[in-house]
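Two complexes come next, and they have one chain in common, subunit A, joined by subunit B in the first and subunit C in the second.
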Partner chain A sequence: MIAAVLAIALGALAFDARELPGIEVTGVRPLSGKAITNYSHADLDGDGLTDILLDDAILFQRQGGYPAASRYALPDAGDAARLQAWNGDLYLWSESLLSRYRWHERGWERVVAYALPRPETDPLPAASGATGGRRQAFLHDFDGDGTPEVFSVTPEGVHVFARHGAGYNEAGLLNILPGRRITSDAVPRLWLPEARRLSFPVLKMACRLVMEGDGITVLLREAVDSETVRYGRTRYRWDGEQAVARGTETTQAVASYLHPCRLNDDGMLDLAGGCEKTSETTMLPLPVYETWASLDGGKTFHVRRSASIPGFRPRCAFVDFDGDGQADMITEETGLFEGGAREAMSRLLTLPEVGHTVRVFRQQDGGFARQPALRAVFVIRLESPAAAQGDMFSRYRAGKLVDVSGDFDGDGSRDLVVQDRIDRLSVHLVRDWIFRSTPDAVLSIDRAAQFAVADVNDDGRSDIVLHEEGKMSRVYFSREEGP
Partner chain B sequence: MMGRVLTAYGVEVTKALRQRFTALGPALVILAVLGALPVHPVARDGVSDYAFVAYVIPVALNSLGLLLLLVYCAGLVSGEVADGSIRQTLVRPILRHEYILAKLLLGMSYAVLLTLTAVITAWGIAYIFGEMRGVSFGGDLVFADNEMLATGALATLAGLAPQFAAVAFAIMVSTFTRNGATATGVTVGLWVLVDLVKYPLGMAPFVFTTYLEMPWQVFSNRCEAVDAYWQPMLYYCLACSGGTFLVCSLVAIVVFHRRNFPA
Partner chain C sequence: MVTTALLCLLSGALFDVSEIPVDSRQAVCFMAAGPTGRTDLMVLSGNQLKRYPSANFQRGQVLRLDEGTSAFDIADLDDDEIPEVVAIQGTAIKRFSYGADSGSAETLFELETLFTAASTPFPRVLVLPFEEKKVLALPRRDALELRHLDGSLAARFPVGRDAPLSMSFGRPFSARVVDPPEVAAPGGLEFRVNTVIARLPSLPETLAPGMAPLGPGYRYGTRRQAREALGQPVRLWPWFPLAPDGASRVRALYATENAHVTVVRIQGDPGTPQGSSHVGPPRRYPGQMLTAADVFPDFNGDGLTDLLLWDAPDPSPSIGMLTRALATRSWPLRMTVHLYDARHRRFSAKPAGILQLRSPVAWFLEQPGRPPIRHMVLADFDGDGQTDLACSTTPQTYSVWCWGEKGFNGPPDFSCVLGENLLNVAFRADLDGSGRTSLGLRGASKIHVLQARAGATPP
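This part shows the complex of A and B:
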């Protein structure tokens, strides 16, 4: 199973390729740069090394890898059971029982079980996947006593169960969720007779819950009109019985493509997003991609514009590039339309490659620098001219060929990885804001493979995960030295 | 030598002023600028109209203007060869390379004329009927009016470099041929052919036509508040255009030196 060590070491960077069945990294969150994975990290065997918790199995880390022999099934608690790791133990919450398991030698040992029925309206875990699946959180230590409380989000509110004596009891139903609203506005048809239907109104409620320390934050999106929205953030503190509101803040009405996020630690609600506009200065209706950010709840905005292609979305628009705790703005620009309409047409019809520029604007002094701190230019081979709409161009347009979220040398500064050939990945390390056009490592990959970046083994160095339909995921673990 | 070149240049300018085509070029450029108004209206609506300038100059100057320039310069030598007036010119006290230099100066003057016509007309319309108050975006003034003026001026100057290369290229072709129609056909045909194959053959960075609109691209990008930089494009543009100009001029002089013009 373990592939032969593939090491392509140029300088201090090398990669070991291992096949890890079941691992999926489907991308990165565009406003934070965090990988979207179908697993969680936890140290469940107490050896100080990070293990990988999947929906149905645990992969223990052994000697820097995850060999097949270290893969074990999880305790059976039914498909509907939620699971979460907490302080080295595995909690499973089935429909009626909350169980705590601990790994001993070569098997799971149930430490304790509590009779704790899940609320009837608690939705079943979603199918296994990168959206959380069974691993959706249900434990949080609100009171800071080291023992987690259990919570369940239902349409009625947030049920909180606290440990009292030998069991868990419901400590409160926090009525902090917004009310449901009718979303279906279908007008009943009276004619033709066979088209007459009785349609029941559809009620919907959507909000985001964030639990930190003793607090719960409810983030609500409210449509102002068809193009603008307003976000409200209400913070609550759980006092042991109920949620006490700490305060509410509301953003200005902002464009609907802006989403709430955390771009720094100033406590204010940040907004970021992007949209495509059309250029007014050229004969061809060329798209311009706008990256927007507000660090003060929508009062002022920082906008950077870049030449784009229709439908292009950068993989990641905000990431803490330099490790200073503040998210920096990333823009990506295509060189396909450089040099005017005539040159663009020539290039579209005859050139099987495209120039691509990544710019990083540092967040500093309460805003984003006007000039980019980093400008990286790549040439990506498309196999065929862009007008032929080949596979590589489709991937390029989908923003799948460039990733800026990884830190492969673990220096705290993000590095860049580019699929600049259909069968090649180039890794460019960035040190002190200096980008070198010569790659620090080159990986040969299958033509059908698509890559993602995540720190799979949690060693502080990002790894590259390759997915190919019908094949097992292959992880290229980054390490310091060549073989 | 310079005195004789300048005298010959003066004679060439006098001849050019008598030709209808000389006036036709700027007239067509003005029409192209005016023709863009329905597509891209200019108004005093609180929005800066640099976008009109950025839109219309590449159309008027780098597409139509370049074609006019190539056609004009392709006929400068071959036309005189075709009607035999070259023999009358060469019996005068002027060396052949001085004659070619005078033709080059005339072609470059025509390029400047077309450029100034397009730029002055476009900016004039934008200033008179529109507004030029800098480029603002997201509530910020990204580029002030004087910065845009400076960018436009630099784009105008830098844009002349590839046009001068085009002049030398057309005159070089003109020295190869015996009549104006052939010279025009070969010049325009080569331009189209080179533009078609330069990317597949990987020689685009070394062909001057690649840089025809590049300087105005910076202006255009700044109109859109898109980040744009002069370096390293400007260096490539000047180096490639300068190299082409020198090579084509030298080839033109050498070929013209070796040619016989029998009656």
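This part shows the complex of A and C:
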């Protein structure tokens, strides 16, 4: 690892830059604001510091960083082995063996191994990457006894293996996955006779499987037509041998751009998403992005509209901004079309910058506040007018220039990062719902770099990760004071 | 039936226009053989099937399908030139007369099929000629079975693991962890479980054309492929056949140089030592390729595909253009046709036809780089054997240009205002075998049928 190369501080916020090979942060979940990474956090050496578990290596945290000397390969259990950290140990499940490893000063020690063949139909782990790779969970403590059960999700259902004596035995096969259903996507030609074509029907099933304690929930998405879907939620309870159904709820037909999510802890199914529409009431046919949320399973909706540009998708539309446990709604609005039509057209064609507004609508009283609790306005330099559709404008349209998911000072309130120049990131801390237009920190970055936000070292303060094609990821660790 | 209320500007009397109401956006529209030997338009909404004979689209007849009906077909089972309806309800395979409700259906036999578990009616091809008889093709868990009308097995074609030739598409099964979770509470686990499977039984040639391919046999390259082609070896360029009927193997390879220039090279010259691998010189044409899925436009009817391009001026701070754009909320658009010149083995440098249009600004903004042309149909609308062009010119206006001796005339040969936004082209069909294509334009509340008018003369 290359040593600290940069530290920038303005006021109380500072960043130390480190290169961390293999680390990727590919974005944030738009409905939760959580970072999508190609690693997991665990403390595998028992020093109380969070380590980084990759598909093929462990990075131990040493003195606030992850030096190259603290990077170690994982025990070899074959490419098909899944891996998961549990209570300070590393579990590897190969095709026939479940092994538990513990780190000692000199390396990995296999504590115990159980003969436990994976079900024949257990799907192979995916290739390494940010979508889980080999870090596919297979341990879960269904019965709350502190010893994890082992499970495998297969076409037949969920196989559960429980610890009995010196080994793991199959405790049950939970036949809870919905069956494949025939799709009705394309209308076949019944006429002319010579145009008739026989087709074997396409069978499809898509669901979410959620495990929380002894509860298992199956969330089934069914297309009603090309534009609407319906979600069915069936809850089960694991009783040690089988899954006991506890009831099914089905939503009304909702727009297909609404997805299930968790916006609060009230137990109701939440739905959220967004869609692009065109305003018919303005002189120019302006695109409008609508952010939708339902906190009651699709019965009622909260919608906020923002002037947008075609194809724009906010990086993150829901995040618990104030740390109260409830996700707040984030909208982003472009200033490209502000003012009169002629003014807007002139701005599109001649002005190499754009005004951008972020609004945060707090979740409260079973809904979202009518007025934003926070309104932050930036000016982003695009290098060339929007009509020229340059690289910076492309990034702007892709929602890559603004991030509201980070908490850089660890105060529980989210802060904002804006790439307001092609070679600059500005970090604005938010305290007590107050946004200051003057950035609290500024980072100079390469022109080709793209940024993401994640708490890489799990210290409660978000960090900034820079990716650039052909280069190692560089992490700007946030800390409290300047060097 | 709502009588026609379209505001139509007819100059060539190309179409008779009628409207068919649809009660929901979920309604399914398709064509089927009718009892009079003509074609019927069918609109399926829930369990109600409405039939509109093409002889008179304004007179609809309602057929009710029983609750629990999953699949149905409309075909002539007994070769009396009058179609019957075959419907599957649970395990029951039923037949009833065309024009009657399924309540009067005769149960042919019972069989567990893949449709058994479904309960929403949807049209399927179930009736098939096999060994000079009509049989029912019924997909089952492990085979496609052809059954005679009495239920006896005519043929069986296994699918899946035990099939002699097993082909399947899709994603058999995947369970991927969602990390971080989107629905699960903190500390919980979440998986996204998916399975999609489409099996293809190995069918004998005698059933050809039996099984549909998963997609059309030929597709134009994507816009991205065209954009990136210039940096690739020419063998990787997207292409289209100049003689779609297979009369020759000459191809046109194309690449997008920029938003205003397409490069075309002709491959396959029997007169050269390299023969079919010979690639001619690059030639530049103004505009970007405009394609319609699986249609190879032949505007002059010489059997060879012609080149259709579109182009639009870049936004520029021209006060005149801006003012007009603001006033009309539209932007200029040009479509050009370059005919293939077989003698010189190239597309003509000079366009043989030019259409000057104005498209809504929103269409340019919606997806930059995508042609701002909606619902384009390339077909022969006037029966002269030459390709004509139809497309939306505003969200509620549909226009048709017929190719004539001098190419396209300036104004459209047919134009109509629908009174609602056009969602898609529900069907395009030669309803009476005259070579004239009729269109069904789907709006939110109606299908607007443009039925080719018999006796209409090319403009």
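By our rule, the second predicted complex is superposed on the first by the 458 of 483 C-alpha atoms of A that agree within 3 Å, B and C clash if a C-alpha of one lies under 4 Å from a C-alpha of the other, contacts with A are read in each partner's own complex, and residues count from 1 in each chain.
Simple rule for what comes next: a residue touches a chain if its C-beta (ideal position, glycine included) is under 8 Å from a C-beta of that chain, and two chains touch if they have at least 3 such contacts.
From a predicted model like this one, the values you see are computed outputs, not experimental measurements.
Applying the stated contact rule after C-alpha superposition, one finds that A:S96 touches neither subunit B nor subunit C. In the overlay built on the shared chain, the residue A:P287 is in contact with subunit C alone; subunit B does not reach it. In the superposition on chain A, A:R197 makes contact with subunit C only, while subunit B stays out of contact range.
When the two complexes are overlaid on their common chain A, residue A:R342 makes contact with subunit B and with subunit C alike. Judged by the touch definition given at the top, the superposed model places A:H302 against subunit B, while subunit C stays out of reach. By the document's definition of touching, neither partner reaches A:S444: not subunit B, not subunit C. Of the two partner chains placed around the shared chain by superposition, subunit B and subunit C are both touched by A:T350. Of the two partner chains, neither subunit B nor subunit C is touched by A:N175.
One of subunit B and subunit C touches more residues of subunit A, and that partner is C.
Residues 283, 341-342, 346, 350 of subunit A are contacted both by subunit B in one complex and by subunit C in the other. For subunit A in complex with subunit C, the touching residues are 29, 31-32, 34-36, 40, 121, 123, 126, 131-132, 135-137, 140, 153-155, 177, 179-182, 184, 187-194, 196-213, 217, 219, 224-225, 227-228, 259-262, 265, 278, 283-285, 287, 309-311, 341-342, 345-346, 348-350, 387, 389. Within the complex, the subunit B residues that touch subunit A are 40, 50-51, 54-55, 58-59, 62-63, 137-140, 195-200, 204, 210-214, 216-217, 220-221, 223-227. The touching residues of subunit C, counted against subunit A in their complex, run 25-26, 28-33, 39, 70, 73-75, 114-115, 117-118, 120, 122-125, 128, 137, 139, 144, 159, 170, 172-185, 187-201, 203, 207, 209-212, 314-317, 322, 325-326, 329, 360-362, 365-368, 429.
On subunit A, the positions that touch subunit B within their shared complex are 279-283, 288, 292, 300-307, 331, 333, 338-343, 346-347, 350-352, 359, 372.
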